[in-house]
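Just below sit the structures, each encoded as structure tokens.
Two complexes are shown next, each including chain A; its partner changes from chain B in the first to chain C in the second.
Let's turn to the complex of A and B:
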């Protein structure tokens, strides 16, 4: 079966008095791969479970292929889910697990056997039919769970952090396997994850959730390069932030501030700026988009269209391809990657190209990082 | 120093094991001797005459032993069925934890055990009398069920609570109705615990005296009642033989359950 469209309209969900999801609007095209991304507690798993029918909606609607399914029980929704724990039935063999949805639909025995064999081949588990699921490795269990979900040819596949229990190497290859299977079968898929790389690698569109609301929905490129809020910027890795004073000068933007050396003069087109008025603002950028320069070594012409911050190296760690330096700038730490190791205590300039800058209005108190180090992820 | 410490501790362990063995096997050995003693009186340490004379008496058609054994087993099976019929739905509802006043419900099943059993059964007998249940198999099965309910409901609750909710949701997700998901996934996974509780209930029922005495007598005669009247008459031979016969259904039922479940499944009960 081809994938179907899903329409989520003004969906709200509450758990025993607490509002978990508020006014979620999302439309998903047939065959699209959507990733729901956010830190724990943002409501992404609740949204997936509401779609599956495990959690009742307090308000709003879910339409699948134009048909309202909001009040339908899980078994009538035509959505196949892969659980984070895989939820394989320990009292059944691999084949019995996979054939369960077929058997309860009373399909003829020969057809069931053939379909189980087809599924085992599809997920690369030929010859595992009679194994006990409790004797399988994590990766194998995951494949069985996928085969079981796909056995009835569902129009929609729901994936609840399916890769989070696997070790790093298997995880990377499973990403591509799951995605290519989804494209090959043409089904609509919704993935829940807290890993932004996983979301970007697998999904056509990423939906970032923040406390039960949609913070931003867009292609991986859009949310990576054009975050609409400090929350999204920080979640996508732009965790370095400093307070600035912003002035529009024609088609250029001038930034100044305590931590900034001189005044940065940047072309407005290059910068991802959400600020319309002059005044206080906050700048966000990723550590791998900036570079380190030693003051005085290079000509100043090199730094045109850059934001330059001056500080001292306080720590460095080796990541394999680059050194990640912690640079102390005006008392706050900034993470900047650089191919060459700089010694601790050395005075350096951190140069950020205009295209790597995200500028938002400064709200309330100091730095507007939503949850700081919670989002820290190594590449 | 090590050996000096180890020796007394080994001796202590051995002494404790011997003591336990004596406490457990002493009365059983005494019972075994009595079952085969024809003449035995003070001050002799062992019977003066061994034999099977009393076995013949017990198994004589008018000895009632076989009939009571049959009654006991029928009642025990009835009790197991009755308590499972209550414990499975009750344990599911309580184990899933959605019920308000969950703890209160669990304590409710303990209540019959909390009061003196003679007082409880006397009053049950009065109520059953007005309902015409006194002296019937149904009445005795109901009384035994009440006794067994605390085991079966509590154990079933724990067994259902131990089944991961996602396993059930996965079945629903795959297209199973709530009942089908329960029958194919939740119940089979909770079954080891539930059958373990069935053993308890069966053994308790086989052994039950007070309730049967108040509700069943004189129409219903179970093995424990036979045993009681034999001991009251001072006939230790008949009492011992009756007790030995009572072991047979217990052991057979345990073997049945053990056959039905693999030992490794039983070992996982509660884990």
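Let's turn to the complex of A and C:
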């Protein structure tokens, strides 16, 4: 079966008086792969479970292929789900797990056997039919779960952090397998994840949730390069932030501030600026988009169209391809990647190209962003 | 050498620790058990099967009666505990689940002898059950019959033991990975199918343990058949009490006891075998 469209209109969900989701609107095209992304507690799993029918909606509607399914129980929705814990039935073999949905539908035995075989081939588990599921590895269990979900040709596949229990290497290959299967079968898929790289690698469109509301929905490129809020910018890795004073000068933007060396003069078209008026603002950028220069050394003159911050290296760690330096700038830590290790205590300039800058209005202090909260999670 | 002595000392220490328990089991359980088996097979002229033959000759009807009652009660208890546990696990109405959870445990706290007395007043010809049925217009007064026979024993056993098995089964069901239930709903399974094909198979070991414990308890209850079923055939416990109290006939009473052991042992053996097989498969 081909994928179907899903329409979520003004959906709200509450758990015992606590509002978990508020006014969610989202249109999903047939065959589209959507990732719901956000930190723990943002409501992404609740949204998925509401779509599956396990959590009742307090208000709003869910329409699948134009039909309102808001009041339907899970067993009547025709949405296949993959669970974080795999949720295989331990008392059944691989084949029995996969054939259970087919047996419920009273399909003839020969058809069930053929379909199970087809599914095993699809997920690369030929010859595992009679294996007990408790004797499989994590990756194999996840494949069985996928085969079981796909056995009845569902139009929609819901994925609840399906890869988070797998080890890193298998997770990377499963990403591509799940995505290529989804494309091959033309399913509509919705993935819940807290891993932004996974979301971008797998999804056609990423939806970032913040405290039960949609913070931004867009292609991975849009979300990554054009975040609409400090929250999204920080969640997508732009965790370095500083307070600036912003002035528009024709088609240029001038930034100045305590932590900035001199005044940065930047072309307005290059910068992702959500600020329309002159005044206080907050700048966000990613550590891998900046580079480190030693003040006074050759090549350091090439700083036009850059924002330059001056500080001292306070820590470095080796990530394999780069060294991640913690640079102390005006008392705040900034994370900056650089191919060469800089010694601790060395005075350095951090240069950020205009295209890597995200500028938002500053409300209160620059610290009033989720950046601090994200620090712990993303490195 | 040092190591060896310290190991020996450790062993000795732990042996000393469990010695009181061992002695208690030995003197209060194993010794009388062995003694009663010997009594059952030993006469003035040495070893004999005559006590067993006499016991079977007199009471073969009661042996089958006992076995049937206990097996039937175990089956019904299993059914009810699955139904109650299943509703507690899969029920959607929060208040109905709450009430059931609160209600079902009550009989646990009532001793068998009190349960027997309760059932006497409830199940008699002019008992509460028939009065209710008659006053409710469900039944004519002339149709009223006493349930104080095998049915009474069965009802009392089921009433008294269902909460015990349900307690174990519902606990095991609650401890299941909920997502295995949700996954079944997600692929389209209804509530009954989930109970029978997903939930019950996963709690089978607990259910079997509960049922076997219940079986053994019911096998050894004296008060209930004595109070509810004052006629023949009756249960072996009543016969044993009768042999001892009226005749001082210990050999036959012990032979009857041996038959009870045998009926229990068959179940225990089946259970253990199942456990070994499962361990081998896992």
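Here, the second predicted complex is superposed on the first by the 365 of 379 C-alpha atoms of A that agree within 3 Å, B and C clash if a C-alpha of one lies under 4 Å from a C-alpha of the other, contacts with A are read in each partner's own complex, and residues count from 1 in each chain.
Keep this in mind: a contact is a pair of C-beta atoms (placed from the backbone, for glycine too) under 8 Å apart; a residue touches a chain by one contact, two chains touch by 3 or more.
Bear in mind the structure is a predicted one, so any value in this text is a computation, not a measurement.
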Based on the superposition on chain A, does the combination of chain B and chain C result in a clash or a fit? clash
A:134 contacts which: chain B (first), chain C (second), both, neither? second
Could you say whether A:60 touches chain B, chain C, both of them, or neither, answering first, second, both or neither? neither
With both structures superposed, pick whichever of chain B and chain C touches the larger number of chain A residues. C
Applying the document's definition of touch, where does A:287 land relative to chain B and chain C: first, second, both, or neither? neither
Quick check on the superposed pair: does A:227 touch chain B, chain C, both, or neither? Answer first, second, both or neither. neither
Touching both chain B and chain C, residues of chain A: 52, 54, 73-75, 79-81, 83, 85, 87-91, 100-101, 104-105, 148, 152
So in the complex, which bits of chain A are touching chain B? 52-54, 73-75, 79-81, 83, 85, 87-91, 100-101, 104-105, 148, 152
Quick one: which bits of chain B touch chain A in the complex? Just the residue numbers, please. 164, 166-167, 169-178, 180, 184-185, 188-189
Where on chain A does chain C make contact in their complex? 52, 54, 73-76, 78-81, 83-85, 87-91, 100-101, 104-105, 132, 134, 145, 148-149, 151-152
Using the touch definition up top, name the residues of chain C that touch chain A in the complex. 177, 179-180, 182-190, 193, 197-198, 201-202, 204, 281-282
